[in-house]
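Contents: one structure, followed by commentary.
Labels for the chains are A, B, C, D, E and F, by order of writing; each one numbers its residues from 1.
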């Protein structure tokens, strides 16, 4: 039995129906453990004070924001090469989740930046490339909603995703180059992490696991919704034509 | 030189409109596509012109031999009638622009911008394009819309001349075009609920 | 409640904002899912009815 | 191919939409900058190079939908797709026509407008060079965006939205060249990067654009 | 009247061209500013108020052609002109719909984007107020420009060109309010002027626009 | 209720096309405007609908009684058929949308977006608009373009019903509409060189 079985919408729905409840439970459990542990039972950092608790939100959401795009890229390629509808719809379903993750990373980062760097926002390469990613997400979603034929929408957004990924990588390097030397090492983030590893590390792992599972659950569920929406469209079109 | 369609299923908006269409047009022959509004003539013609993919079935004809004329004529309002034709003649390599203008009685209007032509004059210019592209297979979607009787006769002569030189024509129309041609009624091929199982992209969801 | 020190506002607002975004996302997802499910059921029922009539 | 290029150029001139208007929009942005940030000369001269690049980029961006939208509306694009001209070539030519009618005039005018914004003296040369090297990439990437949004009603703003993230690398390096040039620093590094981006897009983007256009016409 | 407003709002939302895209363009301009002038925070905070006003103005400008162009293309405008609704009212409503779908979201978003450009703290309030007071004038003047260029193929850029000079007073006073506010100076003087301009245009422009539109439809 | 045109001269692009046109249409009457392509029918209709000014002559008819339908239907692709009609019904105050959909056999397509209708279906929707605006004077420019025979019959019935309730119709067309109506051929009124002296805006320069 090949994995492509699940490219069939009905099979996919059946599978996701079975997996979803467990996934919801796991994700909320992990999130609860990670966040409660992190928030209530970890000490303050000696330099960052209590703001270090933001890490349990910021890092997982930032990771998921990037991974969501990556997942969309893979799904787009599958659609273009094998034309499995479910993968196109999964890419569509993942985009809003990616936007939310990006938003959380941006907000928590900004809130963290205020006490740490004395400003909400600096044009640091990492932050900047995140903002660009945000733009890509918005464009992607806007394109989906602007094209009304589902197949050509899938085609076009897939191409956008692929070309966009190339340019996203390019921008990442461009931004690094651009802000070189202009911005004084704002990213104390990295060494901090290695310094204070263990106390903060374990709850962070739970939190990351929680975000990953939540992401999977949301994407699975939303893909199911998209499949039903597509089915409804197909049924209605047939009804009109053959009434 | 011929156009053969076998067991063709064409879809619009993800659902099949016509299923199992088979016919063939030989050199020197014209076929009129008939069928009520919304029966799928436009969809069929676009598929044969390779502007969209068929759901199933074969189309036997060399895409490089096809000239397609849709309802919109592809005319640039800001170019004169002659410049419009010259452009298409150049894209397709050659073709006598003056003769084409003459054939549709547009010589007098050759310098006028397309924006300043009346509905019927525009349409004539769109048809004159067919003469300059010099392709043997004509696929025409309602070519005589807004033409008066004299212009319809011009068009009929154009088609006859084309057939006489070994061309062929497939024409969707609701009107009488004033020359004898075989008719092909698409309404007999309306895709039924069963035909939906044939692979249109909606199929997976039904 | 742990003592958040002088950064209480920042930490709490970060948690608050995240919570809001996640809740909105999950709620919207579930709500849309429910709605589409119901609509689809309706459409399917209509079609079954018609199919029966057609014989 | 020549026929298409010629026709696009004639249309751009005759429809009044070509040369003049892109340039005019550029002028508009340049003129509005002092009104919005205030007239202090030293501030203006610091942001001059950047403002000029931004203005040129926006002027390009806004004329992008002319590349394909008109041809789609009147059915020319369907006919071109069934014509002997390969779609890749057609798109490359259309991008070239866009560059000739929109970007080239901007390149020529940019130094003039630099005067309005107190651009420092060494900046003029570098600004022109950076625009000359960078703008072809803008046109080619723009053609991709135009192909993505062809046939969408009022695709205009959507087009901008989709294209802008793709423009970021070009803008960063282009503005960097101009800025460093204006400050008298070495600008060859970013210039090489800019050239690389332009060469890469010219080589690859027409294929992506043609693929997208074929999908969009379906 | 209500029918027209409602329809325009629905179309703006459904065609994907409304709320989102003006806002997105605004975001785009705001993001591109640091790329072009460089990331130095102190420079950014000096030009923040101006850049935000300029961005909002451009976002308005570019969505202007949606006011009439689509309705002209599909013949709705001819039919509206022969309908019982007076053309003045129709234009005022269309301007209102434009303001609601394009300008209002900008006003709401401007303070957020201010964060990205290091807008000084007192600037946030004044920026919002100045945009709230100033943008209705932009929509109304824009409707006039749209009426002037209706029916011209690719009127988009020409429209911008014609409208921008008319926008200058609004921009000057609006940006002045925001700038003074950001620097902590008294901004009520220019604010009063801004209010005056807006009130005047709302009272008079619809008549001019309707007259122009009648001529354009001839 | 009537429409009377006296000695009308109409111009297009600054030059008169038709001169000295006089006719009248009474309540309950339909008149077909005939004439070859480019003879000036569209120009005449636009003038009567007050979309452009006449060069000379009078038009006696209350502009508030006129419903004009041109070749472009004023349909929004992004609205459904019903929403399109509802909008026009609201603008003109009232009008029964469902009945209009019914009359042109569009009820089945009421929820579909106008963009997804075939050429003939779009056209039918454009004609259904006439029923919801409830104006007695119909001025129609080639209303039956791309309609099939059944739809032309629907249109003919619509016109007959309209005339029966005291309306009147002025219709430019090249086709046979399937009901008896007076014909008025504009080609007799083609503006000659002398007529140019009548006040079109180019006159000052001639």
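Convention: a contact is a pair of C-beta atoms (placed from the backbone, for glycine too) under 8 Å apart; a residue touches a chain by one contact, two chains touch by 3 or more.
Keep in mind it's a predicted model, so treat the numbers as computed, not measured.
Both chain B and chain E are touched by A, D, F. Excluding chain A while holding all other chains in their positions yields the touching groups B, D, E, F | C. With chains reduced to the mean position of their C-alpha atoms, the one farthest from chain F is A.
By number of C-beta pairs in contact, chains D-E lead all other pairings. In whole angstrom, the spacing between the mean C-alpha positions of chain C and chain E is 34. With centres defined as mean CA coordinates, chain E is found 34 Å away from chain A.
Rounded to whole angstrom, the centroid-to-centroid distance between chain C and chain D, based on C-alpha atoms, equals 42 Å. Mean C-alpha positions place chain A and chain F at a centre distance of 55 Å.
Among all residues of chain D, those that touch two or more other chains are 15, 70, 152-153, 158, 161, 164, 168, 172, 218. Under the contact definition stated at the top, the residues of chain B that touch 2 or more other chains are 13, 71, 77-78.
The residues of chain A that reach two or more other chains are 132, 135, 138-139, 142, 146, 149, 151, 178, 231, 235-236, 243, listed in rising order. By the touch rule above, chain E contacts chain F in their complex via residues 2-4, 7, 10-11, 14-15, 70-71, 73-76, 78-85, 217-218. Put simply, chain B touches chain A in their complex at residues 13-15, 17, 191-193, 196, 201-202, 204-206.
Within the complex, the chain A residues that touch chain D are 132, 135-136, 138-139, 142-143, 146-147, 149, 151-152, 155-156, 159-160, 163-164, 167-168, 170-171, 173-175, 177-178. Remark: chain D residues 144, 148-149, 152, 155, 158, 161-162, 164-166, 168-169, 172-173, 176, 190, 193, 197, 208, 211-212, 215-216, 218 touch chain A in the complex. Touching chain E in their complex are the following residues of chain D: 15-17, 21-22, 24-25, 28-29, 31-33, 35-38, 43, 46-47, 49-51, 53-54, 57-58, 62-63, 65-66, 69-70, 152-154, 156-158, 160-161, 164, 168, 171-172, 175, 179.
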